[in-house]
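Each structure below is given as structure tokens.
Same chain, two partners: chain A is paired with chain B first, then with chain C.
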Partner chain A sequence: MATLAGHRGRRSKNPLAVEDAIAGWVFILPAVTIFVMFIFGPILYAFYTSFFDRSTLGNRNEYVGTANYREILFDNPDFWQAFRNTTWFTIGVVPTQTAIGLILAVLANRKIRGKTFFRTAFYFPSISSSVVISVIFLWMYQRNGLIDFAVTKLGFPRPEPVWMNNPNGVVGSFLGLFGWDNVPAWLEGPSVALLSIMMLNIWTTAGTMMVIFLAGLQDVPGDVYEAASLDGASRWRQFRDITVPLIRPVTLFVTTVGMIGTFQVFDQIFVMTSDGGPNRTTTTMAYLIYQETFKYGSGLGYGSAMAMLLFALILGLFLLQRRLVGQNAL
Partner chain B sequence: MALASERLAQPRTAASAEERTGALDGGIKILAYAVLVFVAFLMFVPFLYSIGTSLKTTAEANTLRFSNLFWPENPTSRAYDVIRDTDIGLWFLNSTLVAVVWVVARAIFGAMAGYAFARMTFPGKNIVFLMILSTLMIPSMVTIIPKFMILRELGLLNGYGALTVPFLTDAFGIFLMKQFFESIPKELEEAARVDGASRYRMFLQIILPNAMPAVTALAIFSFQGSWNAFLEPLIFVSNADRYTLPLGLATLKNSYYTDFPVVMAGAVITTLPIALFYLFFQRFFIEGSTSSGIKG
Partner chain C sequence: MTSRPPFLSRRDTLKLLGAAPVAAAAVTAGPRTRGVAAQDTTEVRLTSAPSSPAEQRVLEGLLQEFMAANPSISVAYEPVTAEYDTKLQTDLAAGTAADIFAYDSLPAPDLMQAGVLEPMGERLSEAQVDTADFFPGLIEAFTYEDELYGVPKDFSTLGMVYDPAAFEAANVTAVPTTWDELRAAAEAITEAQGSPAIVYGPNFDRYIAFLYQAGGAVINEDRSEIVLNSPEALTALQYYHGLYTDGLAATYTDVGAQWPGDAFSKDQAAIVFEGPWLIGFMAENAPDKAYEIAELPAGPAGKATMAFTVAYGINANSEVKDEAFQVISYLTGVEGMTKWSTGFGVLPSRPAVADAYLAEFPRRVGFLNGGEYARPWQLGPGGTRFSANANAELQGLFAGQLTPEQALENMQSRAEQDIRLD
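Right, the complex of A and B next:
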């Protein structure tokens, strides 16, 4: 058998290798063409364009060196405000949705009835259109809407002004309770309006994270837990010392995907806010790129430079996170 | 969870520890159920609320009581009558056309590329695959401006071309197909090889017919992606007769800001097709997502 296979392999290997060298490229050609035209090409083109002053209609096109970058970084306070908003958004959303996803997964990862139902229910928001979810939440956040109704029935005060029009920083307001007024701008925290969108985001994504964690938990061998419980390890210790370390690669994956998502939040801002307001507190970096390029007429070069900065930021964070959590996991 | 026989075999102290966890287990189980049911409820609330609102009069939509939270006291189809006079039928048709192109193209090109990456050896294979995979982490906002310029050069802006051509293939689909082809037995191809079949015939006659589960999963993901796409259509299309549903819904929100039942009716109509798909094919949705985790 072995000789037969070896013989056949030797005889057919060379023609196959020659055929595959060509056929392989034929098979990937359509996909590669699309990728080159609409992803790799555009990245290089965006990088190139970022050194030009180029109007949206293309009738003005002039090399300006690094002027766009300098203007964004040193002369555009909106950029730093958007950076702050996006950072708060990420800090608030990613750990929360990861923790909720993990807890839900651990709870559902046992022999319980209706596991499929729970998975289906928790994943449903992830497959829905972001615009649909945004208009529904916008409606829920109206004065006397469903959120107001729930908040007042639970005995809490409603925010004034109403959720999506409220520019007050939540961290700043909290510190104000302890008598710390005049909080610096960078510590004001996300506005109530941005927090409202963050809650929407957590609601949408926590289920996705749960489903991914649940798949990861299947790979943790059950006898590890049995051995641990025979040794008298408590549920909490089992979770902390077995579950968490063993699913570390999944956690890295989930937080990476989460961060890439929060750094490009756009649809919700577009649909739910009036142009990134109130007071620009919901202007994310992705939204600012759109605004500058397609609404304010700052030009395609300026917008491209901003997009390059966003890209560099995401790439940097990704590499940093890999280093912190441990490489080879992704 | 421990078996009775195991428990008998344990020394006394261990057995009592087991019993304690056994009792604890029951408590945790009830708590787990309570949490899961509550969260599942939270997941449905916004959708139930939107359906309920779409059946209310404007006046009732603005006065919430416990009795009419999710179902109106006086159900009316008014919002749906109003929305019928908008362009929503056209948007629905556009969304459907675009979805068909996405689904067919992504299934074919994804299967082709996935097969090549899984089973063939050719120069540049690994680097090309890695480059394609790395695009999963490139935000669409980074490439949207040059895409806009390229589509304008090609004369595709504002047409169906802009809604379809840049999306004819996707990294996730290629990855999914590659994973699948790596798992099917090589013997299938070897038999064909003996008959002297070329790679192309092998792919069409043997590989593709056997790849239907993966192709279905990819098709469903593509449908979801196209149905929900928003940023690109927003930038690439400016005339309302090429709008897709999400784009239409976003404009509907502006024109009916004081009549939200109409907007909610639009939300219901947009969600219905994807919800039905999800109910029938949820296995594919969830299994696909666990191998990628990327939300479309």
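Right, the complex of A and C next:
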């Protein structure tokens, strides 16, 4: 009897559970299919392709082992230049956009008049088309453009060459003021042209970071602040010792997303520069991958290998960053 | 808005999901049968990169005339307005490239070497088309290992376009025909107008004309060696860059223009080194501005200019090669080319058509004369890559990061790395 009852019990419960499970799988099937077909599959295939010398036009396809990787790492000066450019870009953009995003979030989180307006205004650049913004900034950076106009109105000399055509490194130029000429290439810093794009990038992404920080700030319980102010903590103390530590997981998320975004920067380079110029100083890694693969005929294998190196780099930096910020944070 | 759809039962949802792939398959299968439906006409796909709506209209008109005369062939024209070379490459890789595609002289060696183009020689001789009827430099641009892979549809040369009013204001009466005269004229005009007379850019496709005028070359005669770093090249670079350092020339970005022609149309330049593409641009942006066209001034080694040319080639994987060839024959034949070049304004690649062209556009003789000695804008397999790398070095030179000697040295080593010699 007991077994029968158990059997009946399972029967009466199970068909629904099984059906639920099937339905669940069926419902996520489109998402899984799309993920495997268009994201995970291509990544694996790119990894596989990176061991081949395969021309885009398909007349060359042979297994070459790690030759692509070796050529990129030891025989392609452009790769290292792109690596330097991208690193400077990241070093410049990520901390700045994180700081600005946090400041904007804290400001927009206060009970001030027109709060919604400011939130919308700060977020607006992030939802505008990246290409349109790039083109507008390109006009602003032009000779006699808005920025030239502002600089000359303020009484400064007009910079030569014009912003987007200046390949001189900003750190190198700064050190040059103190008489240190012949700065090594890795210390030259981003070129003025790259710096111009960095500023644009900060402007567009700070809003996104603000929104993420705002969500994080909502999660900080109000009674903590209340207790702190009863104890006589100043606004700055509260920010430093309550807000910053409590939103650390959000900070990790923001810096990670920011880092991935900056290492992959492509559209702004594509729209604003000609072939990653002047003098290759705005050629980022993602842009170089595009150039090598689709413009210079280095082949799909070579481009895939470069993309894998970029992937490894981002992954490595992410793991390092997670370790620095705290393992349990994310 | 008022009636909500009834909730689907779970079973219905499953049915729907099951049906979706079938429906999707039916949709994707659709276009494949399209060719079968058209019974007697063969469809030939043609793709090119029209530089303007005007160019597209003229080509579409020509194709209409062709189809009226050849009812058995229908040509589907697929214009690509941006990133043409990239799109062509991915289309070829995916096997979806058009039957006929236009391609530029610079990437031509890479395409010819890759074997994606159908050889033309045999078909041309069968159709009794003599390649000697074309400008020799243009045929050379689409020849690889003694086989022709495309028929040049037109070409553009670099000329010296100048503003006669600026010349007059500076009392320059003779059109400069040598480097020294150009320099003297530029000095006079710069002084008279108070701003640089010439607007150009740190572009290898302009500098190379000066390189040839000085007697230099990128690759030696038998294509065995890169010979870019030569005294002649240095002379040319010092002259070209010297115009800039001496304040006689400005780059187009210096004056806030998109390209030299843009600066010319805004009266920011008295002299630019551009091609026939400037004419349509001027008609649209500065229709009232008077300008003249002359040949590029001769250097120490004589006259030289560049021929930027585009050919129609047949996709090696095409299934309608004979029909495709018929289309190309019409477009590049005397009749089609006359209509094409006089309709749109690019230079005809057949000297025989030149008379009709000059009758229509007498002032463009400066561009057309260059056709006799123009060198194709081509640097061998890997040329696209080298051209971009050479531009980077020139940008470094113009920004003051490099000396002409260093820039040349870098360009030499870049060329050795990028250009694959035979």
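Definition applied: the second predicted complex is superposed on the first by the 316 of 330 C-alpha atoms of A that agree within 3 Å, B and C clash if a C-alpha of one lies under 4 Å from a C-alpha of the other, contacts with A are read in each partner's own complex, and residues count from 1 in each chain.
As a working rule, a residue touches a chain if its C-beta (ideal position, glycine included) is under 8 Å from a C-beta of that chain, and two chains touch if they have at least 3 such contacts.
Just so we're clear, the structure is a prediction, and the values are computed from it rather than from any experiment.
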| item | value |
| --- | --- |
| Touched partner set for A:Asn168, first chain B, second chain C, both or neither | second |
| Partner chain in contact with A:Met37 - chain B first, chain C second, else both or neither | first |
| First (chain B), second (chain C), both or neither touched by A:Phe294 | both |
| Comparison of chain B and chain C by chain A residues contacted | B |
| Contacts of A:Val257 with chain B and chain C, given as first, second, both or neither | first |
| Touched partner set for A:Ala121, first chain B, second chain C, both or neither | first |
| Which superposed partner A:Ser229 touches (first chain B, second chain C, both, neither) | first |
| First, second, both or neither for A:Asn144, with chain B first and chain C second | both |
| Touched partner set for A:Ala23, first chain B, second chain C, both or neither | both |
| Chain B/chain C common contact set on chain A | 19, 23, 26, 30, 58, 142, 144-145, 294, 300 |
| Of all residues in chain A, those that touch chain C in their complex | 19, 23, 26, 29-30, 55-59, 142-145, 161-162, 164-168, 274-275, 277-280, 291, 294-298, 300 |
| Residues of chain B that touch chain A when the two form their complex | 1-2, 10, 14, 17-18, 21, 24, 28-29, 32-33, 35-36, 39-40, 42-47, 49-50, 53, 62-64, 69, 108-110, 112-113, 115-117, 120-123, 125, 128, 131-132, 135, 137-150, 152, 165-166, 168-169, 171, 174, 193-194, 198-200, 203, 224, 227-228, 230-231, 234-235, 245-247, 249-250, 253, 260, 263-264, 266-267, 270-271, 274-275, 278, 282, 285-286, 289-290, 293-295 |
| Contacting residues of chain A [partner chain B, same complex] | 8, 12, 16-17, 19-28, 30-32, 34-35, 37-43, 45-46, 49, 58, 103-104, 107-108, 110-112, 117-133, 135-140, 142, 144-146, 149, 203, 205, 207-208, 211-212, 214-215, 226, 229-230, 232, 235, 253-254, 256-257, 260-261, 263-264, 266-267, 270-271, 285-286, 289-290, 293-294, 300, 303-304, 307-308, 310-311, 314-315, 318 |
| Residues of chain C that touch chain A when the two form their complex | 10, 13-14, 17, 85-86, 89-90, 92-93, 110-111, 114-116, 251, 253-256, 382, 384-385, 388, 391-393, 395-396, 398-399, 401, 418 |
